[in-house]
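Some structures are shown below for you to check.
One chain, subunit A, links the two complexes that follow: it is found with subunit B in the first and with subunit C in the second.
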Partner chain A sequence: MAGPKKTVTASSQSPVSAITSAGQDLVKSYVDNTPKRVKIIDTFLLFIMLSGVAQFVYCALVTNFPFNAFLAGFGSTIGQFVLTAAFRAQVNPSTRSEFTIISPERAFADFCIGSIILHFFVYNFLG
Partner chain B sequence: MTILKLPTFAPSTLTNAASLIRILALAFIAGAAISSRLFAVINFESIIHEFDPWFNYRATRVLASQGFTEFWNWFDPTAWYPLGRVVGGTIYPGLMATSGVIYNILHALHLPVDIRNVCVLLAPGFSGLTAWATYMLTKELKDESAGLLAAIFIGIAPGYISRSVAGSYDNEAIAIFLLMITFYIWIRALKDGSVLYGTLAAVFYFYMVAAWGGYAFITNMIPLHAFVLLLMGRFSHRLYSAYSAWYAVGTLASMQVPFVGFQPVLTSEHMAALGVFGLLQLVAFVETIRNLLASKQFQLMLRWFLIAAGVAGGLIIVGLTVTKTIAPWTGRFYSLWDTGYAKKYIPIIASVSEHQPTAWPAFFMDLHMLIFLFPAGVVLCFKELREEHVFVIIYSVMASYFAGVMVRLMLTLTPVVCMTAAIALSSLLDTYLNVDEPANPDANGVKETATSGAETPVDGTISKKKKKGVAAAAAAAAVTPSIATKAKGRSSAENGIFGIDTRILVIGNAIFMLVMFVLHCTWVTSTAYSSPSVVLASRRPDGSQNIIDDFREAYYWLRQNTPQDSVVMSWWDYGYQIAGMADRPTLVDNNTWNNTHIATVGKAMSSPEEISYPILRKHDVDYILVIFGGLIGYSGDDVNKFLWMVRIAQGVWPDEIKESNYFTPRGEYKVDDQASEAMKNSLMYKMSYYRFNDLFSGAPAFDRVRNQQMPKEGPKLDYIEEAFTSENWIVRIYKVKKEDPLGRDLKTAHAFDGGKRRKPSKPISRRKALAA
Partner chain C sequence: MQQRLLSWLAITLTVLASAWARSSAGDKVLVVSDAKLEAAEYSQFWDGLKNRGYELTFRKTSEEAPATSSFDVPSFSHIIVFAPSTKTYPADISPQSLVHLLSDPTQPTNILFVLQPSTPSSPLRDLGREFGISFPPPATPLIDYFNAVSPSNATSLLLTPPVTPHTPGFNGGDVLYSGVAHLRSNNPLLVDFLNAPPTSFSADPLEPADVIVEVAASGGEGFWAGGRMGLVTGFEVLRGGGRATWVGSLDLFRNAATAINGKPTANNAYALALASWTFQETSVLRIDSVEHRRISESSPRDQYRIKDDLIYRIHVSAYNPATGEWEPTSQIDDMQLEFTMLDPHIRTALSPVQGEKGWYETKFRAPDRHGVFKFIVDWRRKRYTALHSSTTVSVVPFRHNEYPRFLSSAWPYYLGALSTSAAFVLFCALWLLGGNEEEKKKTQ
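Showing the complex of A and B:
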């Protein structure tokens, strides 16, 4: 890289390569240390996020005309995303210790009820 | 060491007995809360109070008789004549929907209850539920005994009763219950990290949004709590789960209320919640990454990323506000921060009596001893400082400020004062009712818990239970939260109270205060807060009660003696009552959404007759209604409100109406000989004092509200004529004359009519004019 090599001390790398290597570490650590079920949840999260981004881009670039419909759709993605993320935190072994009362089964039931209530409002707002 | 030998029971017996006593105590508290709100019904009758409740009652009648769809689509052509009002889209329907549901359930059970009684008793009923919700919330903060104390406090504290007596059928009646239950569920959601409770909090938040404009308090309290926890470095995935579920579902739900609409994503009041939501997402994301990675350098960079993202998010919100994509703060909110704002820019808001700043005595009047237990309770919260204590501390700071700014917001302060005061008092009782003694035993077994206060037996039993918990170290200890056990552990080791005399002294004092509190609350409730203000009461010299029923007398006169479509003009205060009781179209009412329309009425009231008359005719006004208290000394009359009419009119027509013209040259507000010309010529003055002199048969007339002697020569009216005056002259109704059939202006016509008769006397000339 174009970074001035002389100012860098021996032990550290240039910032960009540090980020790249850290990124590689991150991916590796994620692939190695994440249980399969959590990975499935993450895939779902990714899908919801892409869907939300698509809706937002459509709203920003094309039209927001039925604003309530946009809000309902976008709210549905956001709501589903955070409910799923909360579910992920509740079942993920690395964060489960925070939740003393909630078992993974209870977490799934909570997730389902939350989603049903959310989509009740979404459906009502869709118009 | 103990000073008193307590009988020993099995732990399960104690637990069962304690829970039975708790349930009984809660039932009695709910009963006390309901019955102390019934003074108004007993002293007067089952009637809707004040102003706004009359509209709510009218809307509920429509809902009950025509069903929900009709109510939702209701366009009311009689309000804000000639504009009309889309009622379904401009109200918070929660209150009406609640009574409608209760009404339908009762009818389904073949209990033919009148809708009016449902409306009258709704507020007391919900106060019982409020007591329960407060109990639950305080239980989370300390323990059951504090919860019971908090429940009894909120049940009878005048600060809450003032807005929830029987007949006070207003949004606050159910809103305080919803406030407390939403906060309780939020705390539960946060403690457990439960999505279910978070969603439930959102559902109750939705109910609150549908019920009261004060929902913005929750909208900002919960994000503030989350934000403070973040700043304290207390982020947890529990916080993330609870807050995200609440915000995502709650915001979407709140937009279902038509009156709220898209505001939650477009106005500044709701942006704090959105900002904290975004921040939590970022923090949670960073935490997840941090779990996966050990590199210190990377963590540092993540922190910078976090800060940059937060600043960028803040800038986006500010940018959107500047470019008006997000609506700026509304006037009502500015007036919360700058108390002089409303007076300068929006007199219509400043003119409302419940928007005035709170006077110091009001705090004592409404909260009695709780107000000085309040700081002690907050300090005790600092000692614990778990998540829920942080919440109560923030709540008490915010609510104290708001209660100081606006009398009306005393209502939001009352619950937190009750909770913290209960914590303080319960800690005191815990300490002094503890039979363990730190050093040598010296007491002879005297029974200390005399059953003199209503609360004492309950507390005694519960603290007994705790002591057994120490002795047996069993199930009872598991029920009580860690505070109690910790305090206990301390007291039995080093600190504690010696002897029985100190205990009796302190406990006796506490009981005395509690008894005084109950007496004070009952007294304030019965004397100050139980007047329907539609019906007034006074005392005759012999002490018997005299009911002054002028308002209903006048409204029923209108209902029975005027055509159904005749338009009545009055100051906006009486709009809802006229619509509800007289069933006649009004120009302005308590909704106050259209400032210009109100200013028009203000101008008509404060201008001379010949200027007012075209305004009246243009708005098809048939009758004008004024409230006049000068005869019996009713101080809330229109002459006292007159300056607000002038100010509001001046805001729209600064060239024509000037406030200073209505004062004497020395700057006094007078109605006697020295009254200014503008004052004497104003329609309001003339209508108020028309024929007032006749009552005093030659002696000079005397206004008992303003304590001023009236001029010898009373005002004369040319363009309107007296139609009705109630028994005590509180309500006076005038009929607006039609244009003269011969094309003269009404002043000349009236002079002509008067001149034809040798002895002009007003009642005769009036009949003459009617005949003509």
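Showing the complex of A and C:
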């Protein structure tokens, strides 16, 4: 088995390289075992998260005026993140067993309608 | 022909000029006097008033006519109460009626009250209390051994009233005063024209030494003495601007007082000067018009928006007794404007406009607060007519479409929202396309 062998070599190395190799394992396992569609969702989630963080930093460091625009922009990322995360849980094969009643097509339709309503409110509030 | 016309014109002008009263309020004067009073003893005062265009009507307190008002409309512009000894007045010149006439907000009647030390229990004593003036016990005239005409007659005093622009015609000099002093309350509507000398006191002239001994024993308590006592006091009503003056000496107006020991006194000039203030000849101001608008516009609005830049202008005129006309005045340098909703949110100076006589203006930004506001000018100065103006306007918040849009500082948020939407559309496209690929894989 490669696993135990690696841990033995890791223990002889510094903790930093152990963490690095664990991270590499994690990434490799993710790349290998995750379906392509879930990767698309994750990319989308990552983008939304970075956008939200950027807006929050801008609000905290530069200006929160106009505050309604901040709430709309930041709220759109939060809302989209929540909707997308829920969608991911419903279509991910590893958690699919939890949502046997809802078909993936139905989940996608829910996700789309929810997002469109969210964006309607966001643009109303953006000012 | 032209000469005849011109001469007619001249005659009409002279007639008009003689008929013009110098007062801003009117020229009809009612003189109410005691039944025993000899009007001829005061003829110089009457002549002085007549020369200034007043029509005098004499009436004894025992007579019922002419009435001071008919059907609640004042018949006279001014009343001189020369009745210090009368105990009961007819109903239409009772203290209540006089106060009612004086405080009329649209057509006030100005009143000159004259008193005497002998005044025993005249209604005037009670009336004075309503104005905030109280009198010493009856039969206690003002005594001063330092300003007396002669040591044997210490109740006849020679005083020098201050020269003020409010009493024109009196240019200094000694005034013979023989009468009673009074105390003023802290009523802000009272105006002091003449105070008693610091060395004077009120006492029974027959027993002055006894009084002083008694007072010394009691530590000065209840002693009417000193320079804070008033001799001539004015009173001005806030709404309407009616004026009343209390003079403590009937002898001040007497013909005999115009000269003392062969030397002329300034009594007549001073009496007429007091009458000119009382009858609203001098120091009379009025507000002619008030303007308010946005600085960027030319006409006023019923409502303004918060943070609007506003301009407020007010035109003030002063009455000129010499010409009988109202003339714009820029003399006021301490007028203020308040922009008030319950409390003044803004209080700012109204300064005269250079080159536009009579106009005062101020520019300010409306507060960041919406509600019903008032532009209030409330200028009260002693001896001048009080100026009051109140204009109500609404201050409204921004309408929903009046807020500034597409602010540069908000672009990160706009971009954030737009990119989320774009990414959502892109994601949906990828998702749908990717679904096909997987199905293809499955079929393969």
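The definition used in the following text is that the second predicted complex is superposed on the first by the 109 of 127 C-alpha atoms of A that agree within 3 Å, B and C clash if a C-alpha of one lies under 4 Å from a C-alpha of the other, contacts with A are read in each partner's own complex, and residues count from 1 in each chain.
Just so it is clear, a contact is a pair of C-beta atoms (placed from the backbone, for glycine too) under 8 Å apart; a residue touches a chain by one contact, two chains touch by 3 or more.
None of these values were measured; they are calculated from a predicted model.
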Clash or fit (per the criteria above) of subunit B with subunit C on subunit A: fit
Subunit B versus subunit C as contact partner of A:Val122, first or second or both or neither: both
Which superposed partner A:Ala22 touches (first subunit B, second subunit C, both, neither): first
Which of subunit B and subunit C A:Pro93 touches, first, second, both or neither: neither
Partner with the higher number of touched subunit A residues, subunit C or subunit B: B
Touching partner for A:Ser51 - first (subunit B), second (subunit C), both, neither: second
Touching partner for A:Asn33 - first (subunit B), second (subunit C), both, neither: first
First (subunit B), second (subunit C), both or neither touched by A:Ala72: both
Which of subunit B and subunit C A:Ala107 touches, first, second, both or neither: first
Overlay on chain A, subunit C to subunit B nearest C-alpha distance, Å: 5
Contact residues common to both interfaces of subunit A (with subunit B and with subunit C): 72, 76, 122
In the complex, subunit A residues that touch subunit C: 35-37, 40-41, 44, 47-48, 51-52, 54-55, 58, 62-63, 65-66, 69-70, 72-74, 76-77, 80, 84, 108, 112, 115, 119, 122-123, 126-127
Touch list for subunit B against partner subunit A, complex: 192-196, 198-199, 202-203, 236-238, 240-241, 244-245, 247-249, 251-253, 255-256, 262, 265, 281, 284, 289, 291-293, 295, 297-298, 301
In the complex with subunit B, residue positions of subunit A that touch it: 12, 18-19, 22, 25-26, 29-30, 33-34, 67-68, 71-72, 75-76, 78-79, 82-83, 85-87, 89-90, 94-95, 98-102, 107, 109-111, 113-114, 117-118, 121-122, 124-125
Sites on subunit C touched by subunit A in the complex: 403, 405, 407, 409-410, 412-417, 419-421, 423-424, 427-428, 430-431, 434-435, 437-438
